[in-house]
Amino acid sequence: MDLTVHIGHLKLKNPVMTASGTFGYGEEYSEFVDLNQLGAIVVKGISLKPMEGNPSPRICETPCGMLNAIGLQNVGLKRFIKEKLPYLRRFDTKVIVNILGNTMQEYKRLSEVLDGAGVDGIELNVSCPNVKKGGIIFGTDKKILARLIGKVRQSVKKAVLITKLSPNVSNIREFSKVAEDAGSDALSLINTIPAMAIDVETRRPKLANIIGGLSGPAIKPIAIRMVWEASKAVKIPVVGIGGIMNAMDAIEFMLAGATAVEIGTANFVNPRVTIAIIEGIEEYVRRKGLHNLKELTGGLNAT
Amino acid sequence: MDLTVHIGHLKLKNPVMTASGTFGYGEEYSEFVDLNQLGAIVVKGISLKPMEGNPSPRICETPCGMLNAIGLQNVGLKRFIKEKLPYLRRFDTKVIVNILGNTMQEYKRLSEVLDGAGVDGIELNVSCPNVKKGGIIFGTDKKILARLIGKVRQSVKKAVLITKLSPNVSNIREFSKVAEDAGSDALSLINTIPAMAIDVETRRPKLANIIGGLSGPAIKPIAIRMVWEASKAVKIPVVGIGGIMNAMDAIEFMLAGATAVEIGTANFVNPRVTIAIIEGIEEYVRRKGLHNLKELTGGLNAT
Amino acid sequence: MSRYFKAEVISNLTLNNNSNLLTIAPLQTIIDPEPGQFYMIDVGNTYDPLLKRPFSLFRKIPEGIQFLYRVIGRGTMLMKELKSREIINVLGPFGNKYPEPESDKIPLLIAGGIGIASLFSLAEALSKKAYILYGVRNKDELLMLDGLKGLTDKLIISTDDGSIGEKGMISDVLNEFLIHHSSLITHYLLYACGPKPMLEAVSRIAREKGVKGYMSVEENMACGVGACLGCTIKTIDGYKRVCKEGPVFLIEEIIW
Amino acid sequence: MSRYFKAEVISNLTLNNNSNLLTIAPLQTIIDPEPGQFYMIDVGNTYDPLLKRPFSLFRKIPEGIQFLYRVIGRGTMLMKELKSREIINVLGPFGNKYPEPESDKIPLLIAGGIGIASLFSLAEALSKKAYILYGVRNKDELLMLDGLKGLTDKLIISTDDGSIGEKGMISDVLNEFLIHHSSLITHYLLYACGPKPMLEAVSRIAREKGVKGYMSVEENMACGVGACLGCTIKTIDGYKRVCKEGPVFLIEEIIW
């Protein structure tokens, strides 16, 4: 059955991708998942220089969700291209690299090099709540966001350019429009929502970083709403992210306006969930007698 | 044991209040809860004229939470004062009225009349996601918010003026400061977060209003973070709201910076939860050998 | 006598591939329920699912209270897992009841699917007087057949596939019935419970034929006590709360 | 042989007021676990709690795998409710293992509280050779005493309240021990598992006395497979993942 979708000029064999930071560099889950079956793999956020990340505890559980403050620990651009990319290249799936910089220059440099290295997509992380500089500040100021995307756009020739929006704004429509006008090929949302938990016995924050990002089923209704608003505001494809645990959740995002989806926290609960979701979407499409996934995207009957 | 707290000049016998819209006008739960034991009752949002609210379905469940789009159905100011207030007055508890207007005039008028009617507190609802006009637009624009509070401030003489902030902003600190500077005696947060759910079988939104407000345990980590940020930004007391299901949750909010708390969705799960929370706080205070609740508020050890 | 009580699960029988019969014994004296009233039941003890689920009184028996329920979603799936001796929290009885018919009336009970749950105890109370029109998808979904036969000798069954009783929807059966018994039309009093489409059809027929009656309706519920305003339906006097002013309404007051 | 498998609960015994012994039988052939490795276990089947919980291999027995766990929070409370014949999802075995001691070494196993869980199977593998120093709060918290006596005749127990064995913390007992046996100090090899404060104390003692060894550490975990980077601890070569490079580390590489 035809489950192909297009993110800009990038053709995916199916709409199921892994969410950045939840699937390592692919290798960690290759024992459980045939990576060839995935629509795309979005790897952990990469920065110009290696980052060591935040002290522990970095994660804790919350009702139907979890907090994380990894602090973007990553091997850095050089080692990623040398050690991680070749491995991913061995599989018949698209590779999208999530990037984060402290300055526009860094974002530009990262995208230049990765585009040159032939990655299929670049996901601009302008919404990471867990690093002091950069990240979210780019994602919550329209002018800065427009300038950032404009700059990066020039250096991205082959790869598809996806802007991952911050959920931490009052009006996601405006930011979506800004990202589209500035030249993004697609949008992805949502990233984690800044949140916090306290151990009442010790009076200490449950994360060393105090604040972390909330992910998991708890945020799904917020993500669905934002994907719906964003997809109505722009013409470029939207990638839906947030609390997707099964095929029905993925389809819910597509009905809300998503062309594809990213699976994050669910990988931790079931390492084979991505495959289960692909199969579930196939089953649904067959059961409903659909011909392709275009019939799903934005198919919410809101009248 | 001394559980008293002060919200501005208003003294509460304990920090546990009911959240607007989740406890009706008090009467509905009087069968399960001795209203005299509550720190305060915050009643359903009142508007100048009666409102009939949104069509059904108005609510649905989500992971560890629920969506509602009641559309502020309420009896209106006149009938509230005539029919509902006298009943509440029979109890030895504080009565705080949550108000919502479509214009600044309406807010002003509402607060004038209610202040005159001798309610103990007025909670400005500038964050209702479920009504077309008014509500949230006042809560997401700093200038408008400042002018609104300034206006209402003049007409509130006796009652304590609480501004209920919208969680739907990038920087809750700024809005908290604005609300303080404009003359609020206290802040309360968070209101529900705009969200949405879709029935994948029917392709229809689960709420007739399409978008509703997310409440319940799912939003607690977001609320804790915002209460922490808000309470560090202002000197006035902060009332913590969002997913409080038990005493430990309430204490978590107080450690984050809340002086008092409001219990919402939890009332639906356990109609006696407010009493259980009061008892649980008492037990905790005794177990930890504290003398009063000031030792809890803002007591997070973040170093 | 509180309407918030703990109860012990006595049994939770699977009746067919999608229906169960739950029997609980309250651990304290409770308020006697009336036909048409409902309870809010805990389906699990975590926050997922979060809210209690509303279920009509099926039967009040000496050992306790019975609920007849269909497994349609996450909550009822967990409910299906309830084991005997487990303790659950229950709220109720809530809502109004099916009003008793005046002595000159002939009650016509119209049940669609699991709607039989709330009409069964009404049939018991009416002792033989009532006609019962009961429609299901197919033979296998038919519940409590023997019990119903014991409650009336005027039981009419229909199935969508004709696997038992008349073929077709129960609303059509009602229509036929009223046409054939048009002479007595002013004497009939309808009591309907079932899925929305069926209730709509029954309303239409009732209007056309000028037959009076009541119906028990459903809406998603959070509190069950009238506080959240989440369960409203549109009536000729504006929105009303199913949990408080309902769940039983005059057929003519509901706006579909 | 996959590291993601379904298993049937054989038994879930309560050992004392806060400790349980869970025995599961994998429904497929699994990879043989080594002492020190751990599994990620489903504690419920809703989204609350959401994540699997990590538990060390306690014992591999013919019927399956055993876990010794302490009930401290929401997840383990639900885990306590697991009934025999229930089917659960399990991930593992993960992580490195306790390295075997060179032939000239005398293993000193130091367990604090539930830390005995991961050291027990190591003691089994070391067959009699090992000293076992085992500290608990009080007599009632002592687990698997007979089993331990069968594994070594060099078992030293301590309790905070002196209700059994020596009074005091097990780290102090270790200190005393090393002082009395200072002649053999270069021959001892430490294997420690227990709460953070105890591990810190053991590290300090090991440094002072110049004794080598290993410790199994804990951090909150989400994935267990090295993907989320949530479980890192600080080492002399920067952050390392407890689930991948650990849970067993050289004592001297950990920075507290």
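Each chain gets a letter, A, B, C and D, in the order it is written, and its residues are counted from 1.
FYI, a residue touches a chain if its C-beta (ideal position, glycine included) is under 8 Å from a C-beta of that chain, and two chains touch if they have at least 3 such contacts.
This structure is a prediction, so every number in the text was calculated from the model and none was measured.
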Between A-C and A-D, flag the pair that has more C-beta pairs in contact.
A-D
In terms of CA centroids, furthest away from subunit B sits chain D
Between the Cα centroids of subunit B and subunit D the separation in whole angstrom comes to 46
On a C-alpha centroid basis, what's the spacing between subunit A and subunit D, in Å?
36
Rounded to the nearest whole Å, what is the centre-to-centre distance of subunit A and subunit B, using the mean of the C-alpha atoms as each centre?
34
Counting only residues that touch at least two other chains, what does the list for subunit C look like?
47-49
Shared-contact residues (touching 2 or more other chains) in subunit A:
63-65, 216-217
For the protein chains shown, what form does their contact graph take: line, ring, star, complete or other?
complete
Can you check the complex and tell me which residues of subunit C touch subunit A?
47-48
Listed in rising order, subunit A residues that touch subunit C in their complex are 63-64, 217
Could you please specify the touching residues of subunit C with respect to subunit B in the complex?
2-4, 47-52, 75, 89, 91, 219-234, 238-239
Of subunit A, residues touching subunit D in the complex
21-24, 28-29, 31-32, 44, 52-53, 55-61, 63-66, 68, 70, 73, 216-217, 245, 265, 267-272
Touch list for subunit C against partner subunit D, complex:
44, 46-49, 78
